[in-house]
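Both of the next two complexes hold subunit A, though its partner changes from subunit B to subunit C.
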Partner chain A sequence: MTDRGVSLRRAALRRFLRRPSNLVSVVFLVLVVIAALWPTSWLPHDPTASDLAARLRPPAWLDGGSWSYVLGTDNIGRDVFSRIVLGSRWSLVISGTAVVIAAVLGITAGVIAGYRGGWVDSITMRAVDVQLAFPVIILVIAVVGVVGTGITQLILVMGVTGWAQYARIVRGSTLSIRNQDYVEAAVAQGASAWRIMTRDILPNLASEIIVLTSFNMARLLLLESGLSFLGLGIQPPRPSWGGMVGDARDYLQSGWWILAFAGGTIALAVLSFNFLGDGIRDALDPRTRHVGTAQSAEEAAS
Partner chain B sequence: MILAGFARRLLQLIPVFFVISVVTFAITRLTGDPSALLLPLDAPQEARDLLRADLGLDEPIWVQYFRFMEGVFQGDFGTSFRYRQPALEIVLERLPATLELAVVSLGIALIVGLPVGIIAALRHGTWIDNAVQFVAFVGQAMPTFYTGLLGLVFIAVNVSWIPVGGYEPRSLRHVLLPALTLAPFMIAIIARFTRSSVLDVMGRDYVRTARAKGVRERRVTMLHILRNALIPVITIIGLQVGALLGGAVITEVVFGWPGIGRLAVTSVLQRDFPVVQAIVMLTAVAFVVINQIVDVLYTLVDPRIDLYGRER
Partner chain C sequence: MSDPVLSVRNLTTHLTTPSGRITACDDVSFDLRSGEVLGLVGESGSGKTMTALSVLGLLPSGVGRVARGEIILDGTDLTKLSRRRLREIRGRDVGVVFQDPSSSLNPVMTVGDQVVEALAAHDADVSNASGMRRAVELLTLVGIPDPGSRVAQYPHEYSGGMRQRAMIAIAIANQPKVLIADEPTTALDVTIQAQVLDVLRAARRETNAGVILITHDLGIVAEMADRVAVMYAGRIVETGTVRDLFRNPSHPYTVGLLASLPLLSDMGARLQPIAGVPPSGTDIPTGCPFHPRCPLWRERIDCVEVKPPLRAVGDGHFSACHFLEEVPAAGLFAREGRT
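Entry: the complex of A and B
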């Protein structure tokens, strides 16, 4: 790597760290990852063990709370804190794997469509239209309803339906990169299409893909927690953030802290991924600063 | 001229509709044998064979698809297993509730999102702009089941005239809380999109020319900036409407709102697949058609863009 590359990267990192919301997001996401990796046996309580004597205990700092149950207990006496910690594991694994699947499918389709152009491009873009026409949540619950609610099914459905988000944007960037001088030089030298796509185009999409992935993590976390809330995602006894909010529905008055903490964790995680994506984009390309781009709207109805 | 273009665009939709129908058909075939979904696990083989023959499942798959499409063209998605009524009828019965929620929440989102986005852009770089951006991010990150339930805890319980869920046709007090739950996400999207659209126009040459000519700032803002900046916002509104027609699944579940979204969830849980198929297909088709209409409207509002999205 050249010195210039290093200093550009440093400058980008400095710009990234200058914004407090970026820093807070990174710290929170690191905590979530630590929570996901935290061994179950080291948790203060078994996240799935109920203790009816300790039902609906409020958080420690309130009357009737104890420091043994920092964030209180749920309706059958399970420790809310331990459940949120373990819940992060499944939420991250499912959304993370689904994002990887969506990224691989979408980037492949987007690069090929953008580079080849012609009918390949038309067909791919029509397929994107069709994919985006299906309200994601309805499509996903329909498929999950048919194939069942396993972790693998969940990952596959969320991953496969997520490709279009990547394909559309990657294709657009590929189109503009294709006409750059260095790509034309490579073509003139007789480089194969595969070589141009993997060596000349893909590396130049890296920063964009990182940004897209961060936004898509946020999107899929919301989708997964929504499905788990509906009882169609992660199944009990495995704890999940969305599932905890679903359980909390019947104890809104007597156990509001379950809703507050589990729901709050989801909101913070989604917010952090969105800030992260936005922060990276602005840091890498200072020209786009103060020009927010609208995210896709199809998630509005969830 | 416009009609001809419109007709051509409708023709282009045929392949899209075809794929939508194949996907919808394929969903119930994912496990190979939909009869397995209809019968209890311990059903005898004879019952299975009888049902398969009855549903035409012993025929080749393309014949089955053809049958399915034959029905669809006659508005027949099969009979709901649960309600013993045509599936389409059941879905359409739920449409008014979904529409009502969509209209009210979109209305709130526009009333709040447009001005907020415009102000943020006109004051861009200031604390107002930063605050709007921050709040928009938070709005987009809040899961609707979280905001909805918080609304129930803090609003419905304390404000006596707001009911804790339930539905009455065209009743503002019933629709208010679900609509407020759905609105933040849309407000955030509309505000952010409006903001970047206005910023984009503010940098255009014609705005600079207008200022250079000595046109008053107020007039520049109203006539040159806003008139042009708000046109692209139509697209994002179209996307929202399309998405909302699928029903706000989670919001409807939280508030017991009898719309299409909640019907989708209960039908999946009860394995009522004709209804699920009808919902998937209708919402996808509605989404495509609405966005197509929006695109055409766009060309009417902004004559610089032709029907293929090219700038003239």
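Entry: the complex of A and C
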């Protein structure tokens, strides 16, 4: 009988792997994560070392390229490939930490609002509206203006402002779970509100939270790249994908590949996280297949 | 007779709905002793479940309210307790078994964990190991085969009957003094019903709890209960021992309920339904709420104007009918001849 639990999981995994886009996304993200975590000593060049003799080398397969610089070099002769690999570290660490902060804050607020209802719910949801209406970029500019740039500020601002997406969706699901008989049964057994929220409601939100986290990784990765592009995020000499795109703007004519590879990496990573979220959701709940997919992808990208 | 473990006195519960105020329980009084099974019977909407929810302090918040009366559990009036104290009592002193076992268990927690949860809610000292040992004991008690491995399974791996057994195990986990079973067999197959009733009996024996058995099935009442209270439109219209009530029903409504039951001894006889429909919450007739459907009414003014109080018919047998003396001889709801 226990096999049924296992086979349900296996069926979900099979559904997930059946779609090629899921498979490609997972492979790409695994590569990115490995690149981010692996020590950088294997890289062909020091990502921050400039070599003015090797400025603006094209990628290896083009005229004038060499296999020493697979993806070419930038305007001061730094290896584009090495910079993209090291850039993944900062991009992932920052968006990942921010997502965790956003998730903790948002899930807490959402579960409490949904379970308590009444004025607690009203106030929380109005705060969510305000947060969603307020452009995060402006907030970051304000914070950076006051305390200066820095990774800690960046993580905190992105994490703290990211709570609203979680809170809104978690609150909605909590509302429906709260009315389930087993929650009423738990109340009748004398369980405290805290116990019900942590033991009965939260575990039932797990699949939803996994999906939300994937979409939010995409969203915050894009936000972080945007901020670094504007010079408000990760500061040189630390390489970042957004920063590389920013630097490359001036060399579109002479070195298009810098922008193409850095921008392409951002696009692929964001797309992969979105596909992953979609794929997990569809695999976990076969009934909602393809319903609302376009809308949520849009939401995540905005 | 021992003192009652639960004593409900003049309980009146109001529900505030968009269409007006509903009196869900109207002056309900009953006693429950340890080890006794009290059947609470009535049609849908007669106030059975609302009585139980009032006892548990679980009336829908913002809608339901105990307007009057006392609910005395072991000397404490539950209507006067703070929410926190009430929560301590729920699940510890009063256990509940709900109607639908398939939705009353948390789908993402193993059954064993849920039993441990019920224990831990009232005893912070319960460790996982000791809780699990107790869970296995409880599952054994309610007759779940191979409880040692079943504790680690999820509700979806249980059959409907086993889920209800698990619910009973959870309800008696803390040795409650009162066990409320709200239509415990309604959602189950007929073949499983008898087994679950056996488990309820075993649970009562184990805990010596007083059991309130809410049901619309008079057959289950006859089989399980020691005493019965018949509810109609939020009021108890007749109460007594099962024997008194079935042998000597003294309220026209009870007579009608019994006449609508098929009898093996009277196969082929046409069942007698009670004409009309039960009153809806906002539109309860004045006086005796049953009078528009009552064959004994015969346009008498008392039935329309005066709420009949419960009067003694015999020892511990009460009926709320102005003309209860007429009931036995009236031949109400007589079954027509065989077809």
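Some points to look at:
Going forward, the second predicted complex is superposed on the first by the 290 of 302 C-alpha atoms of A that agree within 3 Å, B and C clash if a C-alpha of one lies under 4 Å from a C-alpha of the other, contacts with A are read in each partner's own complex, and residues count from 1 in each chain.
As a convention for this text, a residue touches a chain if its C-beta (ideal position, glycine included) is under 8 Å from a C-beta of that chain, and two chains touch if they have at least 3 such contacts.
Since the model is a prediction, treat every value here as computed from it, not as a measurement.
Superimposing the complexes on subunit A yields a three-chain arrangement in which subunit B and subunit C fit side by side. Residue contacts after overlaying the shared chain place A:133 against subunit B, while subunit C stays out of touching range. Once the two complexes are overlaid on the shared chain, A:142 sits against subunit B while remaining clear of subunit C. After overlaying the two complexes on the shared chain, residue contacts for A:192 are found with subunit C alone; subunit B is out of touch. In the superposed pair of complexes, A:179 makes contact with neither subunit B nor subunit C.
With both structures placed on the common chain, the touch criterion links A:206 to subunit C but leaves subunit B unconnected. Shared-chain residue A:41: touches no atom of subunit B or subunit C. Look at A:252: by the touch rule set out above, it reaches subunit B but stays clear of subunit C. Computed from Cα centres after superposition, the angle at subunit A between subunit B and subunit C reads 90 degrees (steps of 10). Of the two partners subunit B and subunit C, it is B that touches the larger number of subunit A residues.
After superposing the two complexes on chain A, the shortest C-alpha to C-alpha distance between subunit B and subunit C comes to 15 Å.
Taken together, the subunit B residues at the contact with subunit A in this complex read 15-16, 19-20, 23, 27-28, 30-31, 37, 124-125, 129, 133-134, 136-138, 140-146, 149-150, 152-153, 157, 182, 185-186, 189, 192-193, 195-196, 199-200, 236, 239-240, 242-251, 253-254, 261, 264-265, 267-269, 271, 273, 276-277, 279-280, 283-285, 287-288. Of all residues in subunit A, only 21, 126-127, 129-130, 133-135, 137-139, 141-147, 218, 222, 225-226, 229-232, 242, 245-246, 248-249, 252-253, 256, 259-260, 263-264, 266-268, 270-271, 274-275, 278, 290-302 touch subunit B in the complex they form.
Subunit A makes touch with subunit C in their complex at residues 1-2, 4-5, 180-182, 184-192, 195, 199-200, 203-204, 206. Listing the residues of subunit C that touch subunit A in their complex gives 56, 58, 87-92, 95-96, 98, 100, 103-109, 117-118, 121-122, 149, 152-154, 156-157, 167, 170-171.
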